[in-house]
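Next come two complexes, and both contain chain A; in the first it sits with chain B, in the second with chain C.
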Partner chain A sequence: MIHDFTYFRPGTAKEALSLLAEHKDDCKVICGGQSLLIVMRQGLVATDNLIDIKRLEELNYIKFDSTEGLRIGATTTHRTIEKSPLVKEKYGVLVSMENRLASIQVRNWGTIGGNLAHGDAAGDPAPVLMALNASVKVGSAQKERVIPIDDFYVDLFETALEQDEIVLEVQVPVPAPKTATCYSKFNLLSSDQGIISVGASVTLDGNACKAVRIALGNAAATVMRAKKAEEILIGKTLSDALLEEAGQAAHDECEPVADIHASEEYRRHLVKVFTKRMVKQAWEQASKA
Partner chain B sequence: MEKHLIHITVNGHEYELYINPKTLLIEAIRDYIGLTGSKRGCETVSCGACTVIIEGMAVKGCSVLAMQADGLNVTTVEGLEQNGKLSAIQKAFLDEGAFQCGFCTSGMLMSAKAFLDENPNPTTHEIRDGIEGNICRCTGYNSIVRAMSSVAQGKYREE
Partner chain C sequence: MEWFLTVGQRIPKKDAPLKATGNALYIQDLRLPGMLHGKILYSRYPHAKILNIDTSKAERLPGVKAVMTGSFASALRIGFMKDNPPLKSGKVCSMRDEVAAVAATTPEIADEALGLIDVQYEELSAVFDPIEAMKEGAPLIHEELGSNILKLPWRFIAGDVEQAKKDAAYIVENTYTTPWVTHCCLGTSGCIAAFDINNDLTMYSNTQIPSLAQKDYVDALGALGLKNKKVRVVQSFIGGAFGSKLDTYSYEYIAMLLAFKTRKPVKIVFSREEEFFATSPRQCTITRISQGCTREGALTFREMEMILDNGAYTSWGATTPSVMMLPISSLYKVPSIKYTAQCVYTNNTYSQAMRGYGNPQATFAIESSLDQLAEIAGIDPLEFRRKNANEPGEITPQGFRITTCGLKDCMDEVASRLDWTGKRGRNKGRGVGMASLIHVGGGARVYKSDGCGTIIKMDDFGKVDVFTGATDMGQGSETVIAQMVAETLGVGIEDVTVINNDTDACPWDVGAHASRTTFVAGNAALGAARKIRDHLLEIAAKVLDENPENLDIKKGAIFSTKDKEKNIAIGKILRSAHYSAHGKMMMADYFYDPPNENFDRDFKGNLSVSYAYGTHGVEVEVDRETGQVTVLKYIAAHDVGRAINPMLLEGQIYGAGLMGLGYALGEKMIFEKGKLRNGNFLDYKLLTAKDVPPVEAVIVETIDKDGPFGAKGIGEPGLVPTAPAIANAIYDAVGVRITDLPITAEKVLKALKEKEKRT
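And now, the complex of A and B:
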């Protein structure tokens, strides 16, 4: 049974934020509800006030600019991102990620802002956005701030959002020349959440790795960077031995939890395999870029 | 808790509902409007039996508040038949025997319809992706995929 609540449908983001400031001690924001309504029905979340931001059209946009990069508003649905020719052209990895996120029904109604704010370590957008060095713009009635996605996740289902803040926008910088980003998750049904996932972004200088970002999904309480693996790759040229070393580092530095889907050791093994695979794929694509 | 007055157009008819805001769309459709074709299955957004179409998009009625459909057009399985004639996808499901127990059928039909409206010439692989959000425990899906393919191939096109 869902706990009774007072329902608000503000017409603007400003109005939503002032309602949130007023009720912040006992309040939830709903956007697509694809995650929230489940936990509300299970009784894990009970709130006296619900602020519905699904129809905030001012936060429903995808923009690109060759200096600022990509900007996606919080209420943009997964499906809109998946079908955007602009995103496909400039950040193809986001389209292939969205394509395997849940089912069409969930993507039609669920939003990027809701997904990031939900804070599930098994979510798909966060590791891709972390590999892409994205940031999250958040705002309260008082102020706005931009948080690098590296700092957005604090603990299991816990983000850096204050009680009176909402996610406004995702910001993805323009990738450096000779850069490619790849992402894959391991699961049994293609639309399930990943048992683990890995996103890797590689920038080359000649044949050497100039910069690299590796993000691991569902391999710890939050999405995390595999920084030791990254250090191993910097300045090197591609070889099987190098990939093996980086994969092993990611295997050692992640902190997976065992659950019904996989043991801790199996998750580490998968992290190693997918780190090798994604770095190799991104490296090869970057060399052709 | 304050009740709200909303207007939802279902299968072309406008309904005025006075509801607790926690009412789910599937509850509004089945219990308030009385259209029981759409099913309540898992209620955790997994099985797809409650799939309806909102403004051309397939969604799961168990994961949308009725409040969020206020002012919008909703189509349920009851809306597929027009003037006493079954729609192409319904005929194809019959011809291919694309069901056994029938519990998934109303949701499956809505996903199939939304998918084919958007993607009239799909590959078999795309069809399988298109109904990923709907679980059928009887058919093994092959007959459903055949039914959708035959609609895409124009077998039921009206002259």
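And now, the complex of A and C:
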């Protein structure tokens, strides 16, 4: 059963942040609750105060500008992102990621900010956003700051958020020319999180790989970059041998944990297979861009 | 050609509007004045002595009305072998053992009180593997029995297997294993126990066996010293049962004891977590099978040895080998059969009935092995199956008298819809597979009676009330029974009300099991409806001055088939019956007990009046890099006698097919040292709407002579052959044979890698 708590529903972000400043020592922020309510019901999280920021309309937006890139407010639901023509046109990979995130019911209620702040290494958005070189804008009653998503995840279910901070916005830069990003996951049920997931962004210069970002989901305590695999790809042209080498590097550098659903060995194997597949897919799309 | 107005029509379930609008009252919704909430404290260890239980703190918590341990009603035992005390004292034998219980004014207080009960245990060494449990010196679950092997002599012999082995041209042997899976009813288990001032008991429950539960409760009251008390069972709407509510469980007796002690109604409703770990799953099995055939591919023998993990206590799960015998003895024509099964106590959860009742486990082994045999005999699996298929008029080694049998038709439907010859044997990552089934389709004489009673009465306006013992747990028996009655009495489906949830009003029925309700309750309803019809026609004959044999009823009117002028509305006949001198009440009863047979000591006998057949075929794609199996096409052809309601029938096939797919590819209760590790819907991989491949249900009608309007049962068959059909298709696609369910991607990949190493 869920431990009793005091429920706050602030009307503005300012009010939310001052409530948070006041209760930060014993408080959880809820923004959709699709992850939090599960752990609260399981008794893994018990809090005396719950601050619900889901209805903060000032944080519910999707904007694009050709220099700044994409800005998604924290309270924007997954479904809104999935259905946004703007996102579809400029960052199609986010739409395909959202399409496979849990179920429609969850996407209707869960938010991008809530998802990122939950800090689950198996979450879908983070590896895609990491491949897209995104940043997270966070704020407290005192100040705002922007954290590159590479630095946002600290440890298992632990983010760089201070106790008095909330996620305000996701910022995705404008991709370089000849860039494509792909994402996929291996899951047991369609609505599941990935046993592992891989996001890959490839930028080409002619036929050669100019830049690449590979992000692995659920392959370690946090979402992680497969930097050794990336190094192997830089400056090279596409071949099966190259993909094999990069896939093997990702296989070796990830740190998955075995659980009842899959062994460590199988997870590493899947990281390799999906790294190869996503890099190849992104590479081919970039070459056509 | 007969034609019907209601039977055979695609009529939505009568209770669908109530359910869709949230107006159906489930056990969760029911409240009685003064009602308390009961909660159960479960064991912390799989096997331990209980040294002491201190309930004093819990008792002092405001709002707590009773705290109970095994010392209360310690003589009470429940279950098939009466080896299970509702509250344990002395020792615990599994993680789901009930150690104490609380009744309080709110569920929250009851929950808090559980946390205040201090139990001291001394851990005992435990055994979780049935093979280990069979060994000399293994920890004994029930010391007084002297062995962990249950004294249940499951053994069926026909012909001469030893000789057949010597004579066979081809023989295959393999071992197959199946996991625990659970029903995942959306409506969790629950009840409210309420005593009146005479100590008569009313149980509000979502049981699927009201009459047998009533007897269990009467017996329990007797054990409490309450002799000759009346028990009434009132069923709420049932959110699925699938066999899980085919027995009575500790929680029901605990509610009863708490109600008795507090003199208040006590409600216990399982949380989802309890529904996972404290209800009884389908038993896991280890099966060694050997089959042989002649050079031409005629099956000559089938030998099977099975070990079933019984868990710590015994429910009806221990009797599933009796149903496993159905396919073992009688799926395909096999002259020599040898089957033995042992049920073994362990410190795991105890098993129970689940849709198919042992048949899915046995059929997985038989139909997987059959494909292996076909391969070494060099015969196409479809041709091999057709050659050995059952036929009408056959008497099987177990003594089943096969009346109608559409097995070959089912195979042919599957083969043509799958493009069997076009797609099979290419081994390029895509493949097709099939498997068939036999199940009881005309009741099953498991108990001394296989009967169902029905009372029908009509009011002055032509409305019909049908009082049946048969339970509707979501399968739609209410609608199917109403259709048959409406057809017989010439009224509309909307004119028929089915009352099926109160032992004070409804006649006796042995329970919703063995796919028997349409057949048995249908025949019972038909028997009563025909009596009323005869009464109506008799009265109408006088009024219309016509021979009753020339009269028919349709659309609310009785009319002469000879003279169109002679007709009268049913309501007029009814009113004249009620208002005339020497008036007559329009009511009839009927008890139908099918002419089937209990097994004899050798497990021979015609268990069912009719047998259901079917064949499932699938096309799969296997990702060789990940091992992932995708079902591209799923054809499920069933010999159903007659489809009384094709819409509901397809629903049964879709639902069962989905359960079968889960069993084949992903569902498994994962226990570690007796503790369930995946007791929630995140970790227990129940397929969702997003995971459903297209299932094509094919209805083969054979119009059974004994079935109501020719119908046979269909409740269980739809999940029986799914897993072997998929295993066979995977073999066709990539050449690996998975013998251990569920067939996860990781297992397939491992098998692929091993195959690579070998070649």
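Operating definition for what follows: the second predicted complex is superposed on the first by the 289 of 289 C-alpha atoms of A that agree within 3 Å, B and C clash if a C-alpha of one lies under 4 Å from a C-alpha of the other, contacts with A are read in each partner's own complex, and residues count from 1 in each chain.
We adopt the following convention: a residue touches a chain if its C-beta (ideal position, glycine included) is under 8 Å from a C-beta of that chain, and two chains touch if they have at least 3 such contacts.
Everything quoted here is computed from the prediction, not taken from an experiment.
S.K.: Just from the overlay, do chain B and chain C fit on chain A, or is there a clash?
M.R.: With chain A as the common anchor, chain B and chain C collide in the superposed model.
S.K.: In the overlay, answer first, second, both or neither for which of chain B and chain C A:R79 touches.
M.R.: Touch partner of A:R79: chain B, not chain C.
S.K.: Tell me which of chain B and chain C touches more residues of chain A.
M.R.: B
S.K.: Considering only touches as defined above, state whether A:S190 meets chain B (first), chain C (second), both or neither.
M.R.: In the superposed model, A:S190 contacts both chain B and chain C.
S.K.: Which holds for A:I38: it touches chain B only (first), chain C only (second), both, or neither?
M.R.: Touch partners of A:I38: chain B and chain C.
S.K.: Looking at A:I30, would you say it contacts chain B, chain C, both, or neither? Reply first, second, both or neither.
M.R.: first
S.K.: Could you say whether A:Q105 touches chain B, chain C, both of them, or neither, answering first, second, both or neither?
M.R.: A:Q105 sits against chain B, while chain C stays out of touch.
S.K.: Contact-wise, after the overlay, does A:S287 reach chain B, chain C, both or neither (first, second, both, neither)?
M.R.: In the superposition, A:S287 touches no partner, neither chain B nor chain C.
S.K.: Based on the superposed arrangement, let me know which partner A:R9 touches: chain B (first), chain C (second), both, or neither?
M.R.: In the superposed model, A:R9 contacts chain B only, not chain C.
S.K.: Let me test your reading of the model: by the given contact rule, A:S18 touches which partner, first (chain B), second (chain C), both or neither?
M.R.: neither
S.K.: Let me test your reading of the model: by the given contact rule, A:N60 touches which partner, first (chain B), second (chain C), both or neither?
M.R.: neither
S.K.: Considering 7-15, 61-69, 115-123 or 133-141, which region of chain B has C-alpha atoms that clash with chain C after the structures are aligned on chain A?
M.R.: Among 7-15, 61-69, 115-123 or 133-141, only one stretch of chain B overlaps chain C, namely 133-141.
S.K.: Common interface residues of chain A with chain B and chain C?
M.R.: The answer is residues 38, 103, 189-191 of chain A.
S.K.: Provide the residue numbers of chain A that touch chain B in the complex, in ascending order.
M.R.: Per the touch definition, chain A meets chain B at residues 2-7, 9, 30, 32-34, 37-38, 41, 50, 52, 54-55, 79, 102-106, 108-109, 189-191.
S.K.: Can you check the complex and tell me which residues of chain A touch chain C?
M.R.: These residues of chain A touch chain C: 1, 38, 42, 103, 186, 188-192, 260-263, 266, 269-270, 273.
S.K.: Name, in rising order, each residue of chain C that touches chain A in their complex.
M.R.: Checking each residue of chain C against chain A gives 107-108, 111, 625-626, 628, 666, 670, 677-678, 680, 682-683, 685-688, 690-691, 744-746, 749.
S.K.: Name, in rising order, each residue of chain B that touches chain A in their complex.
M.R.: Going by the criterion above, the answer is residues 1-2, 4, 20-22, 24, 43-45, 48, 51, 54, 57-60, 62-65, 67-68, 111, 114-115, 129-130, 132-134.
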